[in-house]
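Pasting the structures here.
Two complexes come next, and they have one chain in common, chain A, joined by chain B in the first and chain C in the second.
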Partner chain A sequence: MAINIILLIALLLASLWTVMTIRLIRSVVGLAITSAILSIIMFKLDAPLAAVFELSVCAGLISVIFVTTISFTQRLTQERLKLRRKERMGKFWYLPLIICTAAILLSFWRPSLNFQFPAPLKETDARNILWNMRHLDLLGQVIVLLAGAFGVVILFKEEKR
Partner chain B sequence: MNPELMRMFWPFAVFVIFLFIMGTYCIMATFNLIRALIGVEILVKAATLLILLVGHVSGNGALAQTFVITLIVIEVVLMVVAGGVVLCLFRHNRTIDTRKLNNLKG
Partner chain C sequence: MPSLLILLPLSFLIILNLPFRDILQRASFWVVAFFCLFQSIAVALHPFIFWSALPDPYGPFFSFRLSVDNLSLILLFSIGLVSFVSLVISRYTLLDNKQRFNFLNLLLIIVIGMNATVMVTDLFSLYVFLEVTSLSSFILISLKKDKLALEGAFKYIILSITATLAMLSAIALFLLISGDTSFVAIYGALGNPQHVFFSKLAIGLFICGLLVKSGIIPFHGWLPDAYSSSPNSVSVLLAGIVTKVSGVYVLMRMVVSVFGLNQALQDILMFLGCLSIVLGALAALGQTDFKRMLSYSSISQIGYIVLALGCGSSLAIAGAAFHILNHAIFKSLLFANATAVEEKTGNGSIEGLGGLAAKMPFTGITSLAAFLSTAGIPPFSGFWSKFIIVLALWQAGQYTYASIALLASVLTLAYFLILQRNVFFGKVASGLEGVREVRVGLIFPQVLLAVLTLGIGLFAPFFLSNFILAAGNILK
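Moving on, here comes the complex of A and B:
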């Protein structure tokens, strides 16, 4: 349990850095670290397949997408960075305060956790569930991927001359 | 229900709440579109952790994994399309500051 708490605190710190840092590139690096820590937590929660997806897709692919988007948009000059720093410190110092307040409030709250979950499935292999029981999910994923691909094609369509 | 698993639920749930607060705050406090997308990412990570946690506690970990895989695919498509929209907006307006994106105003 102690290792879980350490990992959760690391996850919290990484995401706090992601939100509070000024430069967008550092923010994206923080997001990748958050994803990597989350994938370790997934391994600890006996979800290795989801953890591999999280590590390769969220920590890898999404970071590349963000870096590409940032590199195509405007770069911050030193003067604008100074201005931005002042503006951000005014806005974002509330966040650690809100987190601390929420932590204090939640430490006093002791909810009764007697949930009624449905009976566990007999099948315990995620691959069998995905391919045999929830194959319509796969169809949905294919449709979503196609919709995304067509969306990007339409977004960057050049006008005919 | 395994009491040991139920005991581990509450600390994880507290950190999920913290992630939700951070994601929501990031979206609300920023005017930069890319940072707003990063806030959405943090919210999705909180949802991912919650799904896996409930699956683990309820004994349906494998089913939760399939949901998470679907969620990750949707997340990637969302980020690619949203990144494309941000690039198009930058191409037309030379800014991604939401205060200056007022072409459709009125």
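Moving on, here comes the complex of A and C:
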């Protein structure tokens, strides 16, 4: 139980940091951490396939695409950075409040969903899922990372030079 | 055996980037050229190798669940061919060694992405390899790093991410209702009457995403900018094959083999296809930039494929598959012509040019072949695919759509006549007297593609009976 609480708090903090930080790159890192924590929670909830998808899509693929997109944008000047920081805190001060209130309310209200869906996959060994069942996806994600690395070299490194 | 088409380019990619890469850079062109030609020739001459379920000898990790049918074979052949043409063009247009090497690496990655997309049998794997293709495309478009290229790449990335989000949400819903993401499991789950709402929502979201990736009107906003602002070798690749694999092919595969066609989906696809044919051609009429005109022409031609898909009969699907192959050939040829003209005149506009056929005979004649094939004039290959599509529509009782598809060829003729008159026919424009034909390296891909479009047209009965009509059998 204690580990679940720690994971949920970590998830909350990582997602808050993702939204509150003004550096886009840090925001991407925050999102990847959020996804990684969410994947652990999914594993603990016996949804290993969903966990693998979450880990690979949000912590892997989407992050690479975000970094590539960010490489098309311009760096902020120090003055604009300060201004943005003030604006961001002013805009989103209520976010932690809303999340905490929603969490408390949801803990009392438990909606009953009557949809009948097939039982999730009962494979609990993440290694089996990664290396035997979803190994083509794993290879695809390695290739995405390679493409992202080329993107960063072409769009970032050569620009600096 | 199909795994080889993923593992071989991946091995080349790794070898080319080993520490002693300065030496390898010199061999990189030939390595990539070898692979592209190997893929096309192997698929064309020995399709049974790819059909066979021989055990992969590379160990269990590299034994992927892939499937190849006639539709996949047509696409695999086109991927090899267009990538080869793009590679040859890059050798003469990307003059910076570093930039050319980056292009070669990204070309290998995009080929892996497209090959896998064509062969996978799982929706999540399909998504992963679509992302491989899209990500490489963004970077390739922005290779020049000028304002227009970055703007084109940015538009593409934003619309592509929107499409991705829709598709990803759909995959989550499919996983919910079927418990798995394999095509077979989803096909089975869609028949369950308990999940009608979620099924419809997921199918709608997935198809919307694919329509954005196909560049069909009204989802076409990114396409003209991306095609026209890219380096020439990238334009060939994008217009020739990337959009077809990541948009049109996936749409065909999913609609025909997994989702199944119903009346509402047929109506939507046929309407959007027809809209794209007409509006794409009308927009092409108003363009003054060579590559931009070809971009709108692409939208119009993709419309024919979507229209045939909407018709849904076996003959229509075969016609759509045949038009994918033909469009890959003649559109790549037209972009190769545009490259030759731009190389020699330094101008991408079709205004202020004229009489170039006399100065650049190979470019002039091959552009005429591409133009006649696009407009559906016999004996070029484009005639046969359009003929099959119109015939299938007529047989299915879709007389209005068949008539529009037929009459839209007049619009295609009109914008290509404007192009030919402004660029190749008439007197040589002042200032262009000294223009000469492009070097042999750039003539070669143009002649190769022109011979292919004429050859496939002349021997159409052979191709139809051996490859194309069998592609229509993917209908469940």
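Following the convention adopted for this analysis, the second predicted complex is superposed on the first by the 99 of 161 C-alpha atoms of A that agree within 3 Å, B and C clash if a C-alpha of one lies under 4 Å from a C-alpha of the other, contacts with A are read in each partner's own complex, and residues count from 1 in each chain.
Simple rule for what comes next: contacts are C-beta pairs under 8 Å (C-beta built on N, C-alpha and C of every residue); 3 or more make two chains touch, one makes a residue touch a chain.
Predicted model only: the values in this text are computed from it and were never measured.
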* To do: Considering only the touch criterion stated at the top, classify A:F53 as touching first (chain B), second (chain C), both, or neither.
  => both
* Asked: For A:G151, is the partner it touches chain B (first), chain C (second), both, or none of the two (neither)?
  -> both
* In the superposed arrangement, which partner chain does A:H135 touch: chain B (first), chain C (second), both, or neither? -> second
* Would you sort A:S27 into first (chain B), second (chain C), both or neither based on which partner it touches? => first
* Partner with the higher number of touched chain A residues, chain C or chain B -> B
* With the two complexes superposed on chain A, say which partner A:E79 touches: chain B (first), chain C (second), both, or neither. => neither
* Asked: Regarding the shared-chain residue A:V64, is it in contact with chain B (first), chain C (second), both, or neither?
  -> second
* Touched partner set for A:A103, first chain B, second chain C, both or neither -> first
* Structure fact -> The intersection of the chain A residues contacting chain B with those contacting chain C is 49-50, 53, 57, 61, 65, 68-69, 72, 117-118, 120-121, 134, 137, 140-141, 144, 147-148, 151, 155
* Write out the stretch or stretches of chain A touching chain C in their complex. => 49-50, 53, 56-57, 61, 64-65, 68-69, 72, 116-121, 131-132, 134-137, 139-141, 143-144, 146-148, 150-151, 153-155, 158-159
* For the chain A and chain B complex, residues of the former touching the latter -> 1, 4-5, 8, 11-12, 15-16, 18-19, 24, 27-28, 31, 34-35, 38, 41-42, 45-47, 49-50, 53-54, 57-58, 61-62, 65-66, 68-70, 72-74, 91-92, 94-95, 98-99, 102-103, 106, 111, 113, 115, 117-118, 120-121, 123-126, 128-130, 134, 137, 140-141, 144-145, 147-148, 151-152, 155-156
* Structure fact -> The answer for chain C against chain A in the complex is residues 6, 10, 13, 60-61, 64-65, 98, 102, 105-106, 109, 112-113, 116, 120, 122, 124-125, 128-129, 131-132, 134-136, 138-139, 142-143, 145, 150, 153-154, 157-158, 161, 164, 168, 175-180, 189, 194
* **Partner chain A, residues of chain B touching it in the complex** => 1, 6, 8-12, 14-15, 17-19, 21-22, 25-26, 29, 32, 34-35, 37-39, 41-42, 45, 48-49, 52-66, 68-70, 72-81, 83-88, 90, 94-96
